[in-house]
Structure formats: structure tokens, C-alpha cells
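Two complexes come next, and they have one chain in common, chain A, joined by chain B in the first and chain C in the second.
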Partner chain A sequence: MKQVKISRPILVDHVARIEGKAGIEVMVSNKQVSSVQMNIFEGPRFFEAITVGKKVEDAVAVFPRICSFCAAAHKITAVEAAEAALGVEPSDQTKRLRELLYIGDYIESHALHLFFLAFPDLLGYHDALSMAGDYSDTVKAGIALKDVGARIQSVIGARYIHQENLLIGGFGKIPGKAQMGALKDELASLKSASELASDILINFSNWKELDSPRLHLAIAPDDGRYTMYGSHIHASSDTSFPMKDYRKHILEHVVEHSFAKHCRYDPGGSKKKNEPSIFTTGALSRYTLNKRSLTNRAKERSIMNKDHLDPSNPLSNNFAQAVELIHYIDLAHNLASELAETIDENERPVKYDPQKGGIGAVATEAPRGLLTYLLDIDGTGRIKNADVITPTAMFLPMMEKDVGRMAQSLVDGGISDPSIIAPKLETVVRSYDPCVSCSVHVTTVK
Partner chain B sequence: MVETCSVCETRKPVVGVYALTSCYGCQLMIATVEKILQISEAVTFKSFHMLTSASSHGKVDIAFVEGSVSTEKDLIELKQIREDATVLVAIGACSIHGGVQSWDQGLRDYPEMYEKVYGNGEIAYEGLAAKPIDHYVKVDHYLPGCPPDEREIVYFLSTFLFGTYPERKERPVCHECRLAGNPCILIEKGEMCLGSVTTSGCNALCIGFGIPCIGCRGPTPYDTASFDALAKEFKRLGKTREEVLDRLSIFGSHDRRMRQMVEKAYGGEK
Partner chain C sequence: MRPLIVSIGNPFMRDDGIGQAILIELKDRGVDADLIDLGTDMLRLSLYGEGYCDIVVLDSLRGAGLAGEVLSFSGEGIVRSLDSRMRSAHRMGSIEALEVLRSFKQSLKGARFHFVGIVADDISIGEGLTEDVKRAVPVAADIVCGLLFDISDAQG
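And then the complex of A and B:
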């Protein structure tokens, strides 16, 4: 008898509760997962192309429009790439204010992801709003954390999405001591709320089906401080490279099924023994590589819960974000306290000459992982060439692998109903906290 | 006729929040307004993918649509939303003005840009040019901003709840800027501020921070923006035609009068 090959797709048209519009398509034939695709439906927006020929000041105002969840990350990284290109050295106060603004982005983004996007899955609700009846304190804490993150960004950046106050060389207007003092007090009152996310997650174990060793990349803290800054990127394979050389080590390529590119890590160095390989980036990678530098409160919480922070399991990313929430509330409180005493409202932005031109490459840690910008500025102060790689483009291949792993183990366990399998795959995707708008900032359509 | 939600006074309105091609910032604003819990009690969210997995297709009383039409799929979705919605609100710069992804629209023609930017022909660009949604469907109300202002989102919802409708902001940012008591950074500092041609509603937020307006709320409606007068002033300040067009095109590239009026001010010189 002729063998008939049966192919059956498991489809999720539109993954809910993530940033952006993406679907999952898994093909199963003869009980084997034969292909996994994250289908990205959002249209391309060509940021690297439309900024070419534009003045660098206009370009850095447009880049953060790549993404709303991490607009501050895009703005800061783009501005610092422009500064690196033009040889601009901002003041220490500017650096501290930017760091606090960036932390605001982390707090807002992690709080939104955990409380609004991820927890409804775990607790069995469609959304955080319907959760509010039974988990009133949890939802309120999530909202309070999200609000303080937004407030930090509004105080320093003028608003919490697309912060226009951030300029090459400094700020348009510097917040006052009283505003910093108010932030300090609000942050102090949220220390215990910042532990609530991990309290919830402690009750849910990682799905063992997803266990698989993986390569992590994160920025190495220069001065022992766990932040979004550092001059080198290091990998869990004990390799590292200077962040300004990222283009030699993080290789992008186009895949047919999405408007987003995929990435691989090439450690370079001796011979061809290290083939470029897929990797992951984000809170779990930062935790795995930099955990020594967490604040004491965050460290304590993580030491007690190592099972939830297994670097081999993608679901650990949720717990790693919860640990970072504690860490960054502490760090933000310290910074706001310091600035409330020392801030000089009259400091002006550093003057610079955009026509000096040059090339600047900068990597920072966005809430979702590594974010890189390269800006090449010509002798008229216009963008000659721009390159942006977002965290989602970096971890997309790993995410597809994990979706495949999960689907295969469910099929192996005799589960064939797509309506049971699909929500589980969505949970896997959500744990990465993907940012679809970010990933489709540019495309090469053949 | 101005569309209102006639059923809203008698029962909870059914609301859909949809995204075409965008940064998702408008949805994020709606999802994170401080009163979101109260709003979720006052309306039923039928579709809001960012917030809830209980999202489905079908009839809604009020649809908020963010994003530009940048793919065929966007267009099919938009037409379906229009069919399903009693009141359709375009929210945000992408939906109303084509968004920053339209920056190059109408500024240079495609073959010229293609050659200038890509040279080697690697990127095929045609057919994907971003368009505002009212290029394709009837829009009942416009809620501008990149991102929209939280107070305005609450205002829009409130008017619908009581069976009336939101008034469109018609005055330029300068109007609110004067009321806020800011010094004029165009006249006093020579900055390229777009406040005089940009729709108000932000209380001149950026200018309050000493930052020139880049026009994120789009040109004032009903063809009232005086691009020519502003361009003349920029010309007097020594700004080049290209600089001025670039700045005005970030959020205004689809305005049919803008380019022509700037060209007029510059007397056709290159």
C-alpha cells in the first residue's frame, strides 16, 4: 500500500498579548514537527532607508518611532551612536539622567510584560483586566510599577513614549530637584511591590520540555554595575568582543517567511572552528552572565529561586525580568536620591558640529536584549548609512527552535488537538517578550 | 453627518482597538491610561490583541485604528474593520498622516530615491508606500499624536459614552504655546519649530522643554496650515529648501499642499 504523508498545520493567526502582529505556523507530518515559522505580518517600515540623506537631528527623532515599548532604548542608543560618530562627550549628569530614563523604560516594559501580558496565561485569564477582580493587589502593583516607569520617562524625557527631550549632547530642559525628590519617594514606596512579580512566578515551574542548553549574549558591566551599558559584549561560550565591532560578530540574514531578519553570532578568532550559531539575548541572558552585579535584594531573591532561573529554559526569562524589576527599582531609587541632591538644572547640552561627520557604533541592553546602532554621518551632517539590529531579530531563530521543541513534545505525548497545542506555543513565544514592530524596522525584499 | 455612538447611552459600547503597520504606541497609550480599569468597566473590548486573548472579529460600536496601510493585508483588514464599525476613529500619526514611514513620500520620486539610496537595486520598494487610512476608507474622527495624548483618549471615549462626539482640534500648537507662556523658540532663537502649522492638543509639550516642534500631531486640518509663510521665515533664517522639506515631511508628507507651498516660498530654487 502506498504510504500517504499526512501534513497538519498548527496555526495561531495572531498571537495575543505581545507587542506587534505575528502568527505561529507549525507543520507536523507523520508525528514529526517538520517546520516552525514565526510569521510576521506587520509591514516593513524601512527606518534604515528613510533616514539616509536626512539630518542627523531629524533621524534621531525618528528612530525611536521603531517601537513604543522601548522607544527610550532606541532614542538613547541612536543618540549615543550619533555622539560616537561626531566625537561628542556628554556630561556625567547627562549620562546619569539617561541611565535613569533607560531604567524607567525597563521598569515600565517589564511590569507591562509580566503583569499584563504574561500573568494572565499563568493565572488562567484572557487579560489583566479580568484578572483584577480576583488578583486586585497584583494588578494594582503592576499598574503602580508601570506608572512609576512611565513617570520617570516623562519627567526626564518629556513623555513616556517617543521622548523628545533627549538630544545629541544633552537635554532640552533638565528636571528640577523637587521632581527628582518626588520620584525618589515614589520609588521607595514601591520596593515591596517590586517583589510581587517573583512571588507570583514562584508558583509556576518551567516546562521541562523546553530544557535545552543555549548560547547567551549580553553586555558585560564595565565597572561591576548591572546596567544597560558596557564596552564589551560577552557570551556564555566564554568569548567576547568590543561592542563597537558588533557588525563583525552579529550577522543578519533574510528569511522568506517574515519581514524580520534573523541573526547569528560569529565569535570570530581562530580558524573556522566556531561556526556562526543562533543565540538568545534578554533578561535571562543578562542574569546568567551578570548576576554577580545585582543589588543585594535582587540577588537574594534569585539565589533562593535558581530553578526558576535555569539558563537552559526560555520560560526562565519571566523570572529574570522579575529579578530585574527588583534590581532596577533599587538602582532607580539610588539614582533619583543622588540627583535630588546634586542636579544642576542650568546645565546646557554640549555644543557639537554635525558637519564633522564620522562613524559611530553603539550597543546597549534594551529591556528585551541587545540593541545595536551604527550611524555613518557625512560632511554635511546627514546620515550616509544606518544599521540597526533589534533584540527580537537576534532571538527569533532560538524562539522558533523552542516553539518546535514544545510542539514536538506535545505531539510525542499523544496530543494532537491544535486548540490545546496552540495556547502552549503562545506562552513560549510570550516568555521571550518579543517586539514585532522592532523586528520589522527594515527588510530586504527580493 | 457626524457619527456618534447612538447605542452608547443605553448599553455598554463594544470597542475594538486595531493596529495596521505602526510602532503599537497608540495601543500602548490606550492600554496604559491611568483610568484603564475604569474604562474596562465602562466599555466591552471586543478586539484588543495587545491586551487580551479574548479578541475576536465582528461588529463593534467604536473602532480605534492605529497604523498606516503598508501591506495588502493591512488594506483587507482595514476594509473589514470599516464594515464592522459604526464609528471609526483614526488614532495616531501613522493612521492619520501616514506616519514617519512616509517620510520620503512625495519628497523624491521613487526611481530617483531608489537609485540614490539603493544603487545596487537590492531592495525592491515599490507597492509598499505607506498611506493614511482615509485614503482607502471613510474616517469619522481623528485622534492625532505620536503618541496620542492620554487626556485626549479619555476625552474621546467619554464623549462617545454620552452619545455625543469629540470636537476636532483645529488651531495650531502656537495657540496653546502662547497660552502656556513659553518664549517663541522660532522668533527668539531661530529654531526650526513647526508649531505654527501643527495641530494643537499637546499643550506645546516639547516647546515647554525648549525643544522645537517636529509636527508629530500632523498639519492643522481643513487645509489651514500656512506652510508658505513658515517656509519663508525658515528661508530668511538661512535654512535650505531641502532641510525645510525634510523636517515638514516627517509627519506631513501626505499633505497635498505642503510641498507646493514650500517650493513657492523658495521660488523654485534647488
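And then the complex of A and C:
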């Protein structure tokens, strides 16, 4: 049997820096894709390990380093896991500020992914800079949206890359009414810019060769609001489970070819008819399961473009993020408006006893999907055990399936040149917006 | 006007934390400049770089020289000599980001950029710089201090 190995590293962050540690490998034998492996080098295991033995307050300051683009997501989820463990109930104002902070993360992350990474792909440019000449208004809108997301995080989190103002029990310093008022005005001015991403994506149809029914998981909104919070995780298979029980239902397992663990969903109970299934999570899953709760403007945009939001096609994730950009600009504007009127700048964090100890498990919706944290705190207030599952670890098996589907369709169409196949596979991977140990940066000397 | 000094990188990826290590050294020396850690996203300069005439970027380098070697570039030499146009799944390279910002952010168009970096040895998950790189941090800080003197001198 003749084997043709199509192997090309995808330019995810660390790939260009830690050679041989990551990439896509597709094996084709007799014109059939025989295996697809995403070799992922992911950091959470390291962060879980180095936080063991640290004071819980120090540990929650380390976790945001897992991903500099989802630093707020990691910080908020870690803090809330610590609060669940220690029995701390933050104030309603703290919850609203955290929600706005988290939304800032969403806006920044989605704007970066769509305007600077996905659009150059779709519009046929090498990078954002070369796209900028022909699409200057688009790039300016992307920068403005990314800026407002970053500013929200800066105002609430103080140092926005690590959110050091966010503490167990509350915030160190509460932002003022004037700061909230300025955010409200900036957000109002960006409502039309938030529609630009979907305006562009309307021109691109999903690749039909990727169509395949899939299982989606997302947090179910408790109060009918489409946010990152909820007490249950539900699935498109009409099953659900309490988010604190995530370890019983989201099963991690080691695969030989990747540093990252892979996940499968086990509905448990009477619904357990089959083996645990691979699943996906992220903007498309949230849209698919929670679309009734979108703001009116986002709902209208999605209703008009259902073909671009097909739950069976991973490229729909781009459009789902574009819909979320509209939704979260509206939601952030509403929250900032409310806080500009009501915020109590003198509120102090809830007091707690770290030596109470306990186990807390929490799931939230990070920009790219479900994020779970379990913190086990001992009687001295130190971390005994930590467990973090990132969205990428959850959707990785599904992403491999989609890469295989795409590769097979290209091979079936008579294409065997890796230089043609690889960019298509990269586009599929990029649609998932994976976070692959992104927290690294090196500049190369030419 | 005080210059802005920004670091890029992640101290939990060993030598990727070069930028932060130089920034800490400069903070300890009490330099007369504003210091900000941008994490791994140069585009964040869009928010923090407004109003500065001189911006110094601290980063780890590869592709030139031996581990621990300190290199510095200024003005157009940055774009001519450096490259980080990796279009990753999750973010863009810092030099590409810098070019986008210089093209589209009015407030950054007039700024002069300087770049100081150390050639990295080990970029992998872990804490602490490698020995050669650690020894080069004060040297890099000296170069930044020299730059700050020149900037101040030029401003009169």
C-alpha cells in the first residue's frame, strides 16, 4: 500500500515557536484519509500543577496566564470556583461587574478572531495588514471593537491582561459612575460597527462538504438571558446536567498524539444508551441552544441569515461569533448604562475564611466555549488539587473529524497537493477559534 | 514627555518572559518612563499607547545570534529587521500588529518606536529564564536606559 503523508504544521501560536510540538497530520492511503491528528501542546496541566500548594488567592492570580486572550474568563471562573469551595456569595453588584468584564473579553476576542484572523482568510489576503489597504474601514472597525472590549476589561479589571482588581468576594476598587458613563457612550457609538462582521460573512457560504450533524453543549441560561452563566449545561440531544457535576459528564482521556486531553460527553442516567460522544462547544453551540435569548438586534440578524448558522457546519461558528458581537455590544451597553446610575463605589469585597477549605466546581462560557474549573482547597487555604478543562480540549476530537472530512473531499476532487489542501484545513481549524497554549510570544529576526 | 515601555510575552513560558524580566529590572531601577506589560498581544498598544512620542518594546527573539545576545532596533529598522507575521489561529504577530496600528491609529502615527530584545534559548512551559538569558537582562536594561537618555536628550 502506498502511503502519502500530508503533513504541515498549522500556524497556531506555539507551532512557529516550539517546532515539532503541534500541527495537523493527515494520512492518505489509496485516496482515503486514514487518520487525522491535531498535535496540540496545551498549557493547563502545567498551571494545574504549579498552583498546587499555593495560597488560593495566589493561585487565582496564576490561572489567567493560561490564555492571555481569555484571561478574564480564566480569572472569573477560577475565582468563582474558589468562592464555591469556600461558601462565598458575592454581591449582586459584583456579579453584574463580572458579567460586564466577561463581556469585554468576548468583544475583544471575537473582534480579534473575525477581523484580524478569519477575514484575511476569507477575503483572500495573506494577513490583516495586506487586507487593510482594500478594507480600511473594516480594519478600523475591528480595532475600535477590540479597543472597547479591552477598555471594559481595563476599567473593571484594573490591569486588564491579568484582572488583578478581581478578587475572591468582590473587587479591590470599584470603578466610578463617570467611567461607566464613558463606557456606555463608547458602546453606543459602536452599535453599527458591531454589525459589520456579519455584513462581510453574508458573502461567504459554508463549505457543504463539512455538513455533518453534531452534538452541541452549552450553558443553559437560568434567567432567560444569553450570557456566560447558568447552573446547568445542556446538550442538543435534549439532555442536561448541573454544571457542578461536570466531571461526571465531560470525560477527559489521554491520546497518544497530543499533549492536550480529548473530551467526550456522557449524559449519564437513563439517557446513557451509547458510548460517550464527541461534541462541540463555542459560539455556534450557544447560538444553537440559546438563540431565543438573544437581544432583538442580534436575533433579527440571525433570523435573516439562518443558512449561515447551520448547526451542522463548523464554519457557521464565524457567523455565530458575529451575531454574538452584536448581542454583547447591546448587553454591555445595557449593563454599563445601569451601572452608571447605580454603582456603589464604596462596596467592599465579602469577607471569607480561606481556611474553611472545600471543593468548588464551576463552568462558564468562555468566548470559545465551555470552560470548567475545580479547585480543592485544604484547611490551610492552599490548593490541594486543581482541574481545568478548556474549550479547545472539549472540541478537539470534533475538529479532527472536520479536518478529515475536508481533506477527504479535496482528495475525492482529485487534489493531492499539500500546499492547496493545507490552507483549506487551516480555515476549518480557524473557524473553531482554538486556543492552543496561546500565551507565548517571540519575534523572529529576519 | 515620558516615554512608554511595554513588554510582550509570558513568564510562564520560560524565556518567553524576557520582556517582563527586563521590565521588572527597569522598574527596580526607577526609570523615568511609564511601564506596561501587554501580555502576548501587541494590539493592546492601541489602548495604552495613545499620546506617547516614544514607545520602547521589550520582547524575546529568535532566529539571530546566540542565546542571551541582546539586540536593539529603532524606527524603520524594526519592520525591516524583524518579522512575526505568523497568522495564528488565535492572534497575530507583534510586528504585523505594530504595522496595522501605525497605519490606522492616528494617535500612534507620530510615535517613534524602539525595540530591545534578547535571543531566547528555551520557549517551553515552565517558570524562570535560562541562565544565558538571565545574565543578559541587566545588559538589555542598560541599553534601554541609554535609549531613554537619548530620547530625553533629543527632547531637550
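As a convention for this text, the second predicted complex is superposed on the first by the 408 of 446 C-alpha atoms of A that agree within 3 Å, B and C clash if a C-alpha of one lies under 4 Å from a C-alpha of the other, contacts with A are read in each partner's own complex, and residues count from 1 in each chain.
Assume a residue touches a chain if its C-beta (ideal position, glycine included) is under 8 Å from a C-beta of that chain, and two chains touch if they have at least 3 such contacts.
If you're wondering where the values come from, they're calculated on a predicted model, not measured in any experiment.
Enquirer: Regarding the shared-chain residue A:F69, is it in contact with chain B (first), chain C (second), both, or neither?
Expert: A:F69: touches chain B and chain C.
Enquirer: Which holds for A:A158: it touches chain B only (first), chain C only (second), both, or neither?
Expert: It touches chain B, and chain C stays clear.
Enquirer: In the superposed arrangement, does A:D134 touch chain B (first), chain C (second), both or neither?
Expert: Once the two structures are laid over each other on A, A:D134 reaches no partner at all.
Enquirer: One more residue to check, A:D307. First (chain B), second (chain C), both or neither?
Expert: Touch partners of A:D307: none, neither chain B nor chain C.
Enquirer: Return first, second, both or neither, reflecting whether A:H113 touches chain B, chain C, both chains, or no partner chain.
Expert: The answer is second: A:H113 touches chain C but not chain B.
Enquirer: According to the stated criteria, A:V429 is in contact with first (chain B), second (chain C), both, or neither; which is it?
Expert: second
Enquirer: Is A:K54 touching the first partner chain B, the second partner chain C, both, or neither of them?
Expert: In the superposition, A:K54 contacts chain B only.
Enquirer: Does the superposition put A:D222 against chain B (first), chain C (second), both, or neither?
Expert: Touch status of A:D222: no partner.
Enquirer: Between chain B (first) and chain C (second), which, if any, makes contact with A:D199: first, second, both or neither?
Expert: neither
Enquirer: Of all the chain A residues, which ones make contact with chain B and with chain C?
Expert: On chain A, the overlap between the chain B and chain C contacts is residues 14, 16-18, 43, 46-47, 50, 62, 65, 68-69, 71, 112, 116, 120, 126-129, 132, 139, 143, 146-147, 150, 159, 161-162, 426, 437, 443-446.
Enquirer: Enumerate the contact residues on chain B facing chain A in the complex.
Expert: 19-25, 28-29, 31-32, 34, 36-37, 40, 45, 48-55, 68, 70-71, 73-74, 99-101, 103-104, 116-118, 122-125, 128, 130, 146-147, 205-206, 208-211, 214, 216, 243, 246-247, 250
Enquirer: How about chain A: which of its residues touch chain C in the complex?
Expert: 10-18, 43, 46-47, 50, 62, 65, 68-69, 71, 112-113, 116-117, 120, 126-129, 132, 136, 139-140, 143, 146-147, 150-151, 154, 159-162, 426, 429-430, 432-446
Enquirer: Can you list the residues on chain C that touch chain A in the complex?
Expert: Residue positions touching the partner: 8-13, 16, 37-41, 43-44, 46-47, 59-65, 71, 80-96, 99-101, 103-105, 115, 117, 119-120, 123-127.
Enquirer: Applying the document's contact rule, which stretches of chain A touch chain B when the two form their complex?
Expert: Touching chain B from chain A are residues 14, 16-21, 41-47, 49-55, 58, 61-62, 65-69, 71, 112, 116, 120, 126-130, 132, 139, 143, 146-147, 150, 158-159, 161-162, 164-165, 167, 171-173, 426, 437, 443-446.
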